[in-house]
């Protein structure tokens, strides 16, 4: 398991809780997508696991964890199961599936880009590459969810920014870590900022420039 | 390589044979899909490798095998090559591609959910997580096959159950292992049960509940 | 890190340069695809990273590198960033996106099937399995690019050969290595041959046989 020797034990516990919360948010986004696409309960459980655990597992494979967190700790089974149950019993949707999905996805993104960057840094990855892994942790679960369900991945949706908030959160986390300022308070603030950044960018329809300057205009 | 010290040597050999057989069945399902989609022989070989080896490689990456079985043992090259050849010379299809594909896919699923669970357990994974890895071994190859070929993955097909038989087989395997009752006979019985479960559920059009209760009715 | 003890140091440096060049070519293919699909700049950067680094990262995960090359060496960040910038400022396209994409993709394929095979061999993988990993290094980046962007993967495109040139290049590289004839000159020649093979096969519309003999005729 990963542990930063210099970090106080409470930070490890806190980050486990936040990581589980991130798994839960993405898992809900997976089950909501299954509901919208009229998949069955099994497909819902499957997308909950894929969306919730995909980002962290890919990150852990890359940083060469012994066994990915999610497969070493049975606690990680709970959030996807809970998510599928909540969606099944219609406790997280009031007929506005798209909007609810958006909020849960944003919350997962905010948590994962921070916990992902921190996990990579604690494993000894260089700060600049840890940013890349933090972004990957944030976007890969949602990407797998969308690719497997044959949706256009959210990351290519031009309605609001997606990877930019993740990059912002991962970059800030890596900077704070390098400056020895990464703690529960700063981590929580970064997460809140990423969450707000994502939702505001969606509401305001902020758009990134085109892939090729001037095209599509 | 994986080896369970307490297991008799014949069980390792038997499970290698069954694993190769599972690779073959999924590989045939990949080549049949290529034939149905009118891909070329190269695409057929490619889908045979992806469907046949995908599940086991992902499982081995997660349990952190030194090098995945399939890349450490050249024997694993034979089933996909054979599968593509059989489909090319039209030896496994009589004009009913969809049905033949279904049977081979079910056989692969039955073998892999058992061998996958056993491989994870032998690598020291906890029984409950080994179930998850067994299911993953069973469904990931077919999932990659379908995603890459731009099909709706079989796992979301509402016509019959897919992941449930795999979960049943992986769960039973893990239970038998924990009770020290996992041997060639019980393994074979579980595989047969999964195979029958999958095909009967398809024939009887058993359906899982919706992702959200009451929706789509 | 990988190093073949018997290889002169210049070969390692040369192969790093060629690998970075391959990343660049595939990264450009990713950004060009983003431009053709009218994705935004972020999508362009994302597809550049995925197409450029995907093949090598999957290869390194399979041969169980400590941390994949691309995440251990910040130099690998440069080609994708450069590629996205060149496409953004319209420096690599003159209105013929499809054709330009084809050439860059072919160049990446040529470089990666050789460097991928060599990396696997240097890590101690058996020559025959190293061929498979070389082909995977060549095709996986482009495959991920196409799957994520919801395109039919180039590997299934019946217009010209794709995996065959990669197999030819990986096979020849593995043979040269086994014969102790793998050096900068032979590596470069193999790359050129693969590049020419791919483009000529496209121009001449060479086609592989069908997945099932006689079908689709």
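By letter and in written order, the chains are A, B and C; residue numbering begins at 1 in each of them.
One rule holds in what follows: a contact is a pair of C-beta atoms (placed from the backbone, for glycine too) under 8 Å apart; a residue touches a chain by one contact, two chains touch by 3 or more.
Bear in mind the structure is a predicted one, so any value in this text is a computation, not a measurement.
Counting residue numbers used by both copies over all numbers at the interface, does the subunit A-subunit B contact come out same (over half shared) or different (under half)?
Copies use mostly different positions to touch.
So what angle, to the nearest 5 degrees, turns subunit A so that its CA atoms land on those of subunit C?
Roughly 120 degrees of rotation.
With chain centres taken as the means of their Cα atoms, state the distance from subunit A to subunit B in Å.
29
Multi-chain contacts in subunit B: which residues touch at least two other chains?
61, 64, 147, 150
Looking at the complex, which residues from subunit C come into contact with subunit A?
Per the touch definition, subunit C meets subunit A at residues 31, 34-35, 37-46, 49, 57, 61, 64-68, 71-72, 74, 77, 84, 87-90, 93, 147-150.
Applying the document's contact rule, which stretches of subunit C touch subunit B when the two form their complex?
Within the complex, subunit C touches subunit B at residues 61-64, 125-126, 128-129, 132-133, 139, 143, 147, 150, 152-153, 155-156, 158, 161-164, 207-216.
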